[in-house]
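So, here come the structures, one by one.
Shared between the two complexes below is subunit A, which pairs with subunit B and subunit C, respectively.
Let's turn to the complex of A and B:
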């Protein structure tokens, strides 16, 4: 692909990302007014006097008009100053950046589970359409999509952590601590992916392209693993990009169930402790992460299909 | 005609392709006892309306039939290899090497996500060929089919080429392993008229230079005179009439062939505008059990026997025809 075309596409993407970010940041700002907690009260403590409360409010700038607060908030976000967490008494940016690698690792592992498991099962189903595997995958994918994630997580913990003792019951030990959270987080996505791959691969298998390959005597394995995979990759990547936000949403529950020290667990804790700045920080950083991954997948899709270049 | 000492490159006898929709229903014959014998370098045309079973016939001869379709034959022999009871692997061995196929729409027949070079090299490397040799052979093939600047085209994707160039690439792919038989399923239908002529000339040249036998599937009788040596006219899955193209066009023996020839747009430019004759009625519903001649219901000459007894295939001169009226003096028949 020629470099200028690529750069133009990236520039367009970047503009879109900035616009979306502004929207997310503004939305979180508005939401802080909707939350029925008073940050000043949270900092000053439940026994604070009216004077102390007023002082805390002034220190946070909450006594100023809303537009001024908004402008300062935007300026701070631009400098990646996300405020202070009052539950941890540290800058929010510091906490979130510390947690981000854990979530990134978990998300990447879950996507790998999703693509490998879903891809293999979907391809298999398409190639042996109507067979036992196809019908089993159809049924199991329905179950996997329907099960609540926290319940799957607890089931895995009970089975593999407690009963069989193969894997730790939680925590951030690598790599064994990653296995169950990644499986839990990737399972529903794997089921969706299997369905999508099943349908796109069936379509590819029935296409003229595959008829031509078969007519030239290309080996069936090569047809499936090279051509059908490549022809099905585009739609899968599109759905993956769309669903990445959902995946990260799931990380809040999964990280909490497994005690995985990522952004999701931090968000859950912040929610429990009424730590609004920390919660906002996780949302903003989580959104940036989703947008970046989306941009990356977009470029990948672009690279995979010469027709849209 | 002097007897040809060369053995045929393709022998098909009693080929039937069935559609089984439901195990409780009898299978529907889409191709019914098809016979074809092709000699090296011969150019055949299989002609028929859409739905007459000509494409299914082509795919059956390639062994490319998947459920719910199935095919069987009394004899299928490709370039001396008996495939009558062959399994999937034996068929795959033969495809691309002894018999190859080009499809109607070269855009969808080529993979949109790989370069021309990638697809050519992949096909050539089916045999034990090194990457370098495959590349050299790919360039040679591209020159053979008249593609200019082959080095540059190697890196192109199918959508970057014109329709005619794509069909040339498809022909190059089909010729990669020098097959003795090439099946071309409506290879020019998706192309401009001028490009059509170029592709047909290319195919004629290949059959003459490489002695590749070509079986062209088409509904366009207009392209036959300069192209085909022999013609088989199909209707409702059956061969109605087959023989040398000049004989069939000059003196068609089957009422269906005559109707088909009458229904083609006039070629005489001086002829006054006239309403194009059509063949009344519609092809038979293949789902209904058949009796007699499949064309009987639409045939203007049909006798009572036609809808009861299936006509045998008889020889009239060089032509083989399946009609009860065959061999009667044509003045009487008309």
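Let's turn to the complex of A and C:
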């Protein structure tokens, strides 16, 4: 691909990310300021006098016209000022950035579980198509994608934490605290990956490329591990990119089940304490995170599979 | 012509076994939702006089005639789970239909109007595909308030995009189909073609996505309920039952039973969704949460 075409593609991608973010920020603005609940009341507290309430309102700029408020809100987000959390009495951006690495680590571990487990099972099924392994993987993957993740998390906690006592009942201890959340979050993805790899790898195995390689006398093991894996990687990566938002949604629940201190648990706490700015902050930062990972995976797919260039 | 297309006839006449299992599971839950009194053994909402042991703890499954035990308030878990099917079936159907209606509208509007409108609509669809919708759903429900109507509309709001993208592809494909070209050459206008010659052909896809999206809806609602945002008490909902049971490790049946009902319904719906998987390309979306 020539340079101008590549630049156009990148520019289009960047424009899409910015527009999507604008959409999210506008949505959070509408939710924060245009709904019946009074943000000033939330800050001043239920016992506030009329004067205190007025002061809180002025401090938030709520006495100004809505377009002015909106413009200031956008300008603040651009400077990464996401307001103050009233439950923790700290800037929202500070809290969320503190918690984001935990979510990133959890997501990365879950994706590793997903790719390794799903990739191995999917390849195995494709190579031994129609065999016992193939059929059991198909059945298991059907069941695994239908299980509610937070319930699987609770069962894991009960079995490995409570009954067997192998792993902690929650918290952020490393590395043992990460095992169960990562497994829980990665399991459904692994089932899904296995299905995709099974279908793309079967296709690759039947292709002329593989026929040619076999004709040249290359060992079947090498063909599978080198060529078939590479041919199956593209579709897996594109689904991974598309489903990263889903993964983050699952992380919210899994984090609150295991008490893993990422932005999902932060959102849950914000919810319980009616801390609207903090909740909206997690939405904005979560969206930025997802969009950036998406762009990154897009580039990776591009680099791996020359056919789509 | 008795056996002109034997293979096709064989495929049509019999229900595939996996779909039959799915149908049976879903039919059971629909029955439980429509007539819970037929299946349930107790009132799901009252604390029963013998619902707790002498020590005041919940009864384990099988104890004192309680098939699946009782909860901390001495209510019958089996009856609560059976009645919980009502919320699940409501959530599987209503927001799902709204989402599919939005998806069909977006796909047809993009295919009919083309040009800038199509670009904008499809970019919007793409944005809804990648965003962390669960977080957004939490934020929407938290600020507007967790009424049943809010939950239904929010679920529709976060789930129309995937079917919209698939339907849009189908609309584009049908736009070049022979019967559409024939209609066009006979002088039919774009609107007539869209409504009379494209819309009816979307039905098979809509049926598949109704079934798959239903499982997604049920799990999303259960997840929201687990965080305290489901259909409000005292109506027993499985997600809410799980939220109440999250630290009840000494009474594992309180965790296992509602989750198993959820899982079973979702498995049934996925099996049903596989019914015509052969007819559609490999593009089903994974259901998470």
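Simple rule for what comes next: the second predicted complex is superposed on the first by the 293 of 309 C-alpha atoms of A that agree within 3 Å, B and C clash if a C-alpha of one lies under 4 Å from a C-alpha of the other, contacts with A are read in each partner's own complex, and residues count from 1 in each chain.
The rule we apply is simple: contacts are C-beta pairs under 8 Å (C-beta built on N, C-alpha and C of every residue); 3 or more make two chains touch, one makes a residue touch a chain.
Every value quoted in this text rests on a predicted model; they were computed, and no experiment measured them.
Asker: Assess the superposed three-chain arrangement around subunit A: do subunit B and subunit C clash, or do they fit?
Answerer: In the arrangement built by aligning on subunit A, the partners subunit C and subunit B fit side by side.
Asker: Rounding to a multiple of 10°, what is the angle at subunit A's Cα centre between the Cα centres of subunit B and subunit C in the superposition?
Answerer: Result: 80 degrees at the vertex subunit A.
Asker: Determine, under the contact definition given at the top, whether A:282 touches first (subunit B), second (subunit C), both, or neither.
Answerer: Touch partner of A:282: subunit C, not subunit B.
Asker: Taking the superposition as given, does A:16 touch the first partner, subunit B, the second, subunit C, both, or neither?
Answerer: A:16: touches subunit C, not subunit B.
Asker: Can A:216 be said to touch subunit B (first), subunit C (second), both, or neither?
Answerer: Once the two structures are laid over each other on A, A:216 reaches subunit B alone.
Asker: Going by the touch definition up top, name the partner, subunit B or subunit C, that contacts more of subunit A.
Answerer: Here the partner covering more residues of subunit A is C.
Asker: With the two structures laid over each other on chain A, which partner does A:208 touch: subunit B (first), subunit C (second), both, or neither?
Answerer: The answer is first: A:208 touches subunit B but not subunit C.
Asker: In the superposition on the shared chain, how near does any CA atom of subunit B get to one of subunit C? Answer in angstrom.
Answerer: For subunit B and subunit C in the superposition, the minimum C-alpha gap reads 13 Å.
Asker: With the touch criterion stated at the top, can you tell me which subunit A residues are shared between the subunit B interface and the subunit C interface?
Answerer: Touching subunit B and subunit C on subunit A: no residues.
Asker: What residues on subunit A touch subunit B, complex-wise?
Answerer: Checking each residue of subunit A against subunit B gives 207-209, 211-220, 222, 227, 230-231, 304-307.
Asker: Give the list of subunit B residues in touch with subunit A in this complex.
Answerer: 62, 64, 92-97, 100-101, 103, 105, 108-114, 122-123, 126, 157, 159, 170, 173-174, 176-177
Asker: Name, in rising order, each residue of subunit A that touches subunit C in their complex.
Answerer: These residues of subunit A touch subunit C: 16, 19-20, 23-24, 27-28, 31-32, 35, 37, 142-143, 145-151, 154-155, 157-158, 162, 188-189, 191-192, 196, 199, 239, 241-250, 252-253, 256-257, 264, 267-268, 271-272, 274, 276, 279-280, 282-283, 286-287, 290-291, 294.
Asker: Report the residues of subunit C in contact with subunit A in the complex, numbered from low to high.
Answerer: Touching subunit A from subunit C are residues 123-124, 126-127, 129-136, 138-140, 142-144, 215, 219, 222-223, 226-229, 242, 245-246, 249, 252, 255-256, 259, 262-263, 266-267, 269-271, 282, 285-289.
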